[in-house]
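Next up: the structures, one after another.
One chain, chain A, appears in both complexes that follow, with chain B as partner in the first and chain C in the second.
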Partner chain A sequence: MSIKLLKSLKLHKDKLWSVDCSKGLMATASSDRKIKLVNLKNLDFQLVEELDDSTHKKSVRSVSFRPHSSILAAGSFDSTISIWGKDEEASIEDGYQETELLAIIEGHENEVKGVAWSHSGYFLASCSRDKSVWIWEADEMGEEYECLSVLQEHSQDVKHVVWHPAMHLLASSSYDDTVRLWKEDADDWECAAVLNGHEGTVWCSDFEKSESSLRLVSCSDDTTVRVWKYEEEDENGEDIWTLESVLPSVHSRAVYAVSWSPDGYIASVGSDGQIVIYTEDESGKWKVIAKQHEAHSVFEINTVQWTRVGDTNLLITGGDDGCANIWFFIP
Partner chain B sequence: MSEFINENPDILDENLLPSRKEEEGDAFQDEALNTVNLLRRKRLLKIHQTTACKVYRNVELIDRLKAQEMALDQVPDLTASETEESDEGEPEDPIDAQEIYDMIAHISDPEHPLTLGQLAVVNLPDIEVSESNDKSKISEVLVKITPTITHCSLATLIGLGIRVRLERSLPSRYRITILLKEGSHQSENQVNKQLNDKERVAAACENDQLLGVVSKMLSTCK
Partner chain C sequence: MSSLLSEKDLNDFISPGLACVKPAEPIEKGEKQEGDLEVGKESNDMGKVSISLQDCLACSGCITSSEEILLSQQSHTVFLEAWKNLARDTALVVSIPPQCRLSLAHYYDMSLESFDKSFLTLMKEKFGARYIVGTQIGRNITVNQTNKLLTERKSLSSSKKPALCAVCPGFVLYAEKTKPELVPYLLDVKSPQQITGALLKKAIPNIYHLTIMPCFDKKLEASRKDGEGEVDCVITPREFATMLQEQDLKLTDFLTSTDETVLKQSCSPPGWDISVHWASNEGSASGGYAYQYILHQKSLHPGSCISTITGKNSDLKEFRLMDVSNENVIASSSELYGFRNIQNMVRKLTSSGSASRNIKVLRKRATTSSNNGSSFGSAVDPSKTDFIEVMACPGGCINGGGLLNGEANSSRRRALAKSLELEYGKVIPKVSCSDHPRDDSTYKYKFSAIEKSQDVLTVGNTW
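And then the complex of A and B:
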């Protein structure tokens, strides 16, 4: 079992905060205020496009592709969310089609830290230092956004939001050391559960990609990575989630991101510059199967994501060196 | 400045702050002080009770200028060695606590016309460096700061100034942790959490107003 560096792409002049991949395309967000698109198909790794960098006045913190489309959402410290896409109706004869700014969404009081599209593409979630999570409903073109709900139960900034891969279930991670789960109830959204246990800011979480079980992995400033399991709904309609396991302790500093692969591996990255990959031995028992030191030389790693290109599983990391590193993982 | 959060901080004499012995130009110059100068300073101190007063400062400056003049006469090539900037210096030199101290002790306090070293907000014994010999590995720096009063609302700003200074001065392999010294502040945990949250620090550094204040604090760094 090993991790092998396939390609290191120096894309940004400053911290690379976030990556998202969809349909063979990778988007990256950085403190240099730029968003870049890179082609992953055929392991080509060529820079395709640089989106208009006059759009955001501060760091771009997070990017997310809308499923089944080429629409991209980007959240920025300038408190806005930009929406990008291609005019699908324009003729393809002109060759390559430029990505255009479709909309700017305003609403958050200050830094937007996370954006995420639901699997259905109906909803966009965003979170901010203003302690709130917003749920937006988008039209098909991705041009009109209506705010359905402003969720304000977190007591501190909300660092990250992620949707379940098949349900309208949202997880938000916060500086208040908790993860909250949100679901739709009649016409509104409500908090379904609070996951308490981390002893520091929760930076990121990700759902298990499984139809048979409902679990979430979270990572924190407390250097731990934890797996939480949905048990049942109690008589008040609240979901009961329990801590299933604390993954083997490897990281020596804050863990900034986790990603759960479709085939069941969890990858984590953080301030100590390590990539760690865990596998489940038996139900609820995890072990480390691969580690990579100095994965971005001496720099911190902010983001990690599994993606599949053709028949190849890739792991993508982004760091303070402004690089997106693309790794093979051979189980 | 109208209202101070701390009206009466204790102040250390800049010359008494810890510094590297072999590079101690100041000590050398102070040795050149003659007894008359010393007596004059002592008398001034009796009147004002503090080394912060203007007259004392001016006298001290004049003394040092004089001493420098004398030194120049004795060591003709002093200017040459002084202009030699450490910019292109040997990158092999390990960084120690004294070097970190020198980087941050001259940061100005946001409310007093004094440095963090003079106010004993930063102190040499409260700096730890765990240096890896291998330059391709991560090294760590821990700085514990002591606000002048336990309810100092500027503690976060001071910590931010120190962090910005160190991030700009140290190579990327250093992970910087800034903590309030145990028991030195009533909202210790809250301030510590904020000072070590990379995202909040990054956002603060994009806030022009805040960055202006920090730049002003850093303008006195040598």
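And then the complex of A and C:
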């Protein structure tokens, strides 16, 4: 089992914060205020577009593609969210069609740290240093947004939001050391569970891509990566989640991002510059199956995402060196 | 601090800012002699910064203010201290609105009548209150003046529409501090809390006015410069319950067999009709301002009927006064509660950001939006109504952050608010606001948008 670097793309002049991949296209967000789009379908991984960098006045911290569409949401430290897309009905006469700014969403008091589209594409979630998580409803065109809920239970900066791959269940990670899970109630969205246990900022989480079990992996400043499992709903209608396992300790410093692949691998990256890949054996025990030191030379790694292009599983990482590294993982 | 009061209860609206921007100032040394220059003796002693609620009101650093400051200047301990030191010729007067009575009655597991009797007896016997009043006389004035102004505004095309109700201090503060574009929309009629205070102070010399209010932002409202002196102290039902606990007082011990009417009469200032000031009016449990405006318009337009449309969530409702003959909309108003709905309203009223940025309007949008061309579709759109009753708390004032609704989770809390709202409609007698003589004085706020301080120093981690 090994990880092989296919290509390192120097895309940004400053920190690369976030990547998201959809339909063979990768979007990247950076402190240089740029958003770039890269074609993953060919091995030369060509840069296809650079979005208008006058849109955001500060770092772009997070990007997320809306499923089943070409729409991209980007959250920025300038407290706004930009929405980008293409007129899909327009005829493409002169080759590549440009991605245009469709909307700017304002509402957060300060830095937006994360944005994420639900699997259905109905909802956009955003989170911010203002300690809140917002849920927006979008129209089909991605041009009109209505705020459905402002969730203010986190006591600190909210770092990251992620939706379940098949349900309207949202997880948010915070500087208050917790992960909160949110679901839709009769009239509003509510906190369904609080995951307590990390002893430092929780930077990121990701759901298991499985129909039979409901689990979440989280990573933290405390250097650990933890897997949580949904047990049942208690008599107050709150979901009970328990800590199922703490993954083998490899990282020596803060773990900034985790990604759970459709075939069950977990990848984690962080401040120590390592990529670590874990797998679960039949008894439910997690073990490390691959490690990569200095994956972005001496730089910290901020983000990781599994993606499938054709029948190839790729792992994408992004770091403070402004590079997106594309890795091939052979199980 | 008591277990009844904790930081999370102060979630009236939005949490305080991360950094208070009030600067610390070096202490002036009085003994410094003119002309003497001492090298290196520039005073480095920073005075302990004391922040008053008025400082908070004048600063855009936080949206409301920190718990510590709120409670250091407006709390039951402040009240007890002031009460102990009341001058001999100063009388204690207490006011309480219906939402707080219902919440406390529920908390003490009493009927509203038993609660009222116990409360009056306790305040009278234990605290020596001279008068104890409900807030409906004040509310009648708020409603009547609101209706008058709205009717005037309706005839002027120049006024900003919709007018926004300014009874909720949480929303007013939010507008003043973070959304200056909204300030011109605010209707400047004062809230029942302030008008009740002004009436009491006008009628009776030398009083200390304590009021019990459903949310913490009411403390800030009482500290506004444009309402100075009208209310001396605001405490919430939570604090009231804490105070009794700390004083070892049991409310049930004060339940007397005295007739409720006799008791209320004995606690009313001269000329205050108990069937009015202890009552309420038709409309929402947040004061019913939106509905009262429509009722007023109906009285001006014979042959009209009211239609009520419920919105996307339970915190959105619209009232339309329709001309029966041609189904035209004569007047409209709406109830809009909670931060999420406020956000959507803000986004509709202010064309935020989009103008300055290069947003492409795709061809499709132009065609789809022309389909719902008429300004009054069937869907609720508060931004198109004449008047919006805006309340910061989801559920409105019956779910205020200072009420005793510490339920385990938000759905239970909502259920409690719903049941209190039903009670509000059932057990509190209703009066018609317009039946009661109008007060000729005007009670107005002076709103001003607060200039944003330069990007506040970011504290701690910014990743």
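What we mean here is this: the second predicted complex is superposed on the first by the 328 of 331 C-alpha atoms of A that agree within 3 Å, B and C clash if a C-alpha of one lies under 4 Å from a C-alpha of the other, contacts with A are read in each partner's own complex, and residues count from 1 in each chain.
In this text, a contact is a pair of C-beta atoms (placed from the backbone, for glycine too) under 8 Å apart; a residue touches a chain by one contact, two chains touch by 3 or more.
As the structure is a computational prediction, the values presented were derived from the model and not from experiment.
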Touching partner for A:Arg129 - first (chain B), second (chain C), both, neither: both
Which superposed partner A:Tyr175 touches (first chain B, second chain C, both, neither): both
First, second, both or neither for A:Val298, with chain B first and chain C second: first
A:Thr201 touches, of chain B and chain C: first, second, both or neither? both
First (chain B), second (chain C), both or neither touched by A:Glu109: second
Touching partner for A:Glu233 - first (chain B), second (chain C), both, neither: neither
Superposition-derived comparison: chain B or chain C, residues of chain A touched: C
First, second, both or neither for A:Asp53, with chain B first and chain C second: neither
Which of chain B and chain C A:Glu190 touches, first, second, both or neither: second
Those residues of chain A which chain B touches in one complex and chain C touches in the other: 77, 111, 113, 129, 157, 159, 175, 201
Residues of chain A that touch chain C when the two form their complex: 52, 54-55, 77, 80, 87, 89-90, 100-104, 106-107, 109, 111, 113, 129, 131, 141, 143, 145-150, 152, 157, 159, 175, 185-188, 190-191, 201, 236-238
Chain A-touching residues of chain B, taken from the complex the two chains share: 136-138, 171-173, 175, 193, 196-200, 202-203, 206
Footprint of chain B on chain A - complex, ascending: 15, 31, 58-59, 61, 77, 111, 113, 129, 157, 159, 175, 200-201, 221, 253-254, 271-273, 294, 297-300, 320-321
Of chain C, residues touching chain A in the complex: 11, 14-15, 178, 313-314, 339-340, 343-344, 347, 352-354, 357-360, 362-365, 368, 394, 408-412, 414, 461-463
